[in-house]
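For reference, the structure I am asking about is given below.
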Amino acid sequence: MPRKQQALKSELGWSSADRITVRGLDLPNQIMGHLNLGDMAFLQLTGRKPTPEESKLFNAIAVTLVEHGMTPSAIAARMTIVGAPEALQAAVAAGLCGLGSVFVGSMEQAAILLETALPYGKDHAGLDLEKVAVEIVERYRAEKRILPGIGHPIHKPLDPRVPRLFAIAKETGFHGRYVELMIRIQERAAAAAGRVLPMNATGAIGALSCELGFPPRIVRGFGVLARAIGLVGHIMEEWQQPMALEIWRRVDEEASEAARQQAGA
Amino acid sequence: MPRKQQALKSELGWSSADRITVRGLDLPNQIMGHLNLGDMAFLQLTGRKPTPEESKLFNAIAVTLVEHGMTPSAIAARMTIVGAPEALQAAVAAGLCGLGSVFVGSMEQAAILLETALPYGKDHAGLDLEKVAVEIVERYRAEKRILPGIGHPIHKPLDPRVPRLFAIAKETGFHGRYVELMIRIQERAAAAAGRVLPMNATGAIGALSCELGFPPRIVRGFGVLARAIGLVGHIMEEWQQPMALEIWRRVDEEASEAARQQAGA
Amino acid sequence: MPRKQQALKSELGWSSADRITVRGLDLPNQIMGHLNLGDMAFLQLTGRKPTPEESKLFNAIAVTLVEHGMTPSAIAARMTIVGAPEALQAAVAAGLCGLGSVFVGSMEQAAILLETALPYGKDHAGLDLEKVAVEIVERYRAEKRILPGIGHPIHKPLDPRVPRLFAIAKETGFHGRYVELMIRIQERAAAAAGRVLPMNATGAIGALSCELGFPPRIVRGFGVLARAIGLVGHIMEEWQQPMALEIWRRVDEEASEAARQQAGA
Amino acid sequence: MPRKQQALKSELGWSSADRITVRGLDLPNQIMGHLNLGDMAFLQLTGRKPTPEESKLFNAIAVTLVEHGMTPSAIAARMTIVGAPEALQAAVAAGLCGLGSVFVGSMEQAAILLETALPYGKDHAGLDLEKVAVEIVERYRAEKRILPGIGHPIHKPLDPRVPRLFAIAKETGFHGRYVELMIRIQERAAAAAGRVLPMNATGAIGALSCELGFPPRIVRGFGVLARAIGLVGHIMEEWQQPMALEIWRRVDEEASEAARQQAGA
């Protein structure tokens, strides 16, 4: 007996001879010229246009994630474009592949932490946030786990993106309980550690993603889509002002020097 | 004698304990809350903020490229996320890898064609565009090559994105000689072919990228960065309304049926 | 004060004008013509040539993982090559991106499970394997976790690769305590579940990887390197006997049908 | 009227409850323990087991391509694994993405050049190879193009892999007209250039791939599948003896120094 097939269904977009529709909107007439790229991302992810407040906050989050200097991800993309200059898309892909648990993942982990504490669709108005924060910090300390969104190797005592993101959240009406809880977690964590322990941008973005109602595990995608933009910029700079070959030569010369000498070569 | 090292230099971004700078602007104070995501891409690629007109046109180009339905690229991303649900970044990367010569490449090829005819930094005010278009079309026909940006399998007689893009170009003052030349190429190509042969969105975007002064070979990057957004949307839909496993099962069942029967299995 | 740099050091390979060395061996004279591709992989991963027994077992493991039919990974690679036929490497890369926790990961998880129970470098001759197996199965059942390497949707009551791998292990002297423990885990798990629950190939390979002394977390790499071979084969078949465009068209037609009808298009 | 569907068909592999078949052979009984990994690659790509001579030559080609030291591809893979240590497959994918026209592509280009001159399935016994070589070299010089497979930045006057590959070809009966033509092209090119101009490994492999009858455009795939093995080795070494973070820090410190100083930071 043949297996019963399940229907394939997508609601993102379709086109016919004279129409192109994305998320139910007419692309030429209702999107192009009306939505900026951040709004379009919001539409693609939620199925509706953002309000002006959502637009401001979501665009602010996204632009924060575009460019972080010569990261491992940027170096990987530059290394790739020198070998395959005809495949820009593959160089961006190579750069994205490293946006995993270590860098971008903490944003998603922060959102998961917060949404687990204050689940969507449930009433948690009565919860004592201070108590929730204390429990979370104690649990992480007991399990010797790093709190997502807390701590930064360079930006001390303050990650300058955090107050700015929270100011925009306030201005747009999104400074809610997820932000409150994240702030308390940071305060409790720093107190427990007895040292400067700032909230970093991934913690703030994790909290704001919850305020906007995004499913936590898509939050890593914000970093991915924003960094794709940044990586195209790195490839363009690599063409204009190359450094990949020089990095390669330096690494190759130094790394194999010991083996070379040992062999008397 | 040791090789003389060359300096490594990037001007995209840097950070210190209390500052984060991107393209010379202070990220928290001059970018976040001020630039939308399309403007940020423009900044990252050009080193300066767009004018309001550039912003409108560039954002319109970028949003056009985000979502094109169930493309091979989207299917590849969905196939990837079912095997590695913990690596969203790799699923987006897999989807991007197919944005090569066949789909996104024609945008870049159109820009190269136009900029080769009307090179940046040279005076070509005296050129007869009609004559240039005729020469290009005749050359491509003689070499039996497909003109980039011309023709569409579905959108006939008109790709609805093209008039909309050109209307925005007119409104923002970017309906210049590259657009003119592209229109004449389409007209000449259709006349020579003796059939309906529309300009497609990649032709219009190639021309507008030249109007904005972008180096032609970065134009493929517009498609890559926009589609990264689209792919995050596909992954999110795949989680909510899966189809990858069903596609897999159907393909597997059908593709190996002949071999299976031959083996009597 | 400038940061103290750490040395970069690699022992994999180096070359000079007249010599090429890999893992301390002269590539032309000691490797080419002497080692097969599986032996070369063993050399690359361990720093030494395999014994004849190791060679036979390791090659058997590797060939097991090359080709598994029209998997999601193969479909992703084929979807990619139609968009970027000039970038075969990126199509293989796209296919590899999905070899994550769901498919290939269970091999690594099985190895981790076994090596955690019987750690390398420690004496565990006195351990009662039956007791260890019972404890593991009970723990996984209590935590409602799936045991890695156990169970298969199709190959019941037996995955035919498992007895073959274990026969080769016996023949080559690698049927040791890791294999013994894995067999007992399977037996205990099936008994506890009260139904047919075979060991699958990833369980056997996880155990044999431990017999060979590989660090568990590199075991996923066996699947990755083997599947790269398989994917090149899929791309070659796609060129000779295409199916990607047809899959695309079917998926696109069906998936957007509902949205299209709703819009009256 | 609905579109007529085309059948999906693959002959690579299939499985049923008790059987797993690859390329028509029973995987457990006819492949595992009988074919080494290079033979398996040959089977996957050609549909048949290699003869002992084909096995020796094909394995020699493949092992040549596994490990080339700290290449841009290896650096990209290492950069990726530090950001996404949980996604080894994506790090290998990132490394493969750079195996494009610059490095691995010349192997494919050499094969295309040779097979175009001496097409498969046509009688070219009467062709004067010396004349063919002269014409090719003159054409490339006139067009100022680089001959694929000729020249090497380090291995002068001789790439030590080339005589070794050709010795194995002689031993296995594959030193035929493609090898002859490639040798003459190298001789003519060096004579025309008036300087030392060795054939490199990619030229020899391109010629031998033609002797083995492979379609030229799959030849890049040999490099891709072999390097996947090499990259797993680099990831393993990166875990044991890390350098990616140090490279990152050095690059980041140096590259943004100028911008930092200019900003007085």
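Quick notes
A, B, C and D label the chains in the order they appear, each numbered from 1.
Here is the rule we use: contacts are C-beta pairs under 8 Å (C-beta built on N, C-alpha and C of every residue); 3 or more make two chains touch, one makes a residue touch a chain.
For clarity, every value in this text was computed on a predicted model and none was experimentally measured.
Rotation relating subunit A to subunit B, from a C-alpha superposition: 180°, rounded in steps of 5.
Two copies of one sequence, subunit B and subunit D, touch each other mainly through matching residues, since over half of the numbers at the interface are common to both.
Annotation: 22 Å between the Cα-based centres of subunit A and subunit B.
For this pair, subunit A with subunit C, the centres built from the Cα atoms lie 30 Å apart. Averaging C-alpha coordinates per chain places the centre of subunit B 36 Å away from that of subunit C. Residues of subunit B in contact with at least two other chains: 8-11, 13-14, 16, 19, 69-70, 84, 86-87, 89-90, 93-94, 97-100, 104, 243, 247, 251, 255-256.
For subunit A in complex with subunit B, the touching residues are 3, 5-6, 8-20, 22-23, 27-29, 31-33, 35-41, 44-45, 55-56, 59-60, 62-64, 66-70, 87-90, 92-94, 96-100, 104, 154-156, 158, 160-161, 163-165, 167-168, 171, 215, 217-218, 220-226, 228-230, 232-237, 239, 241, 243, 246-247, 249-250, 253. Listing the residues of subunit C that touch subunit B in their complex gives 69-73, 75-76, 79-87, 90-91, 93-95, 97-104, 243-245, 247-248, 251-252, 255-256. Those residues of subunit B whose C-beta lies close enough to touch subunit D in the complex are 7-11, 13-14, 16, 19, 21, 24, 84, 86-87, 89-90, 93-94, 97, 251, 254-256, 258-260, 263, 265.
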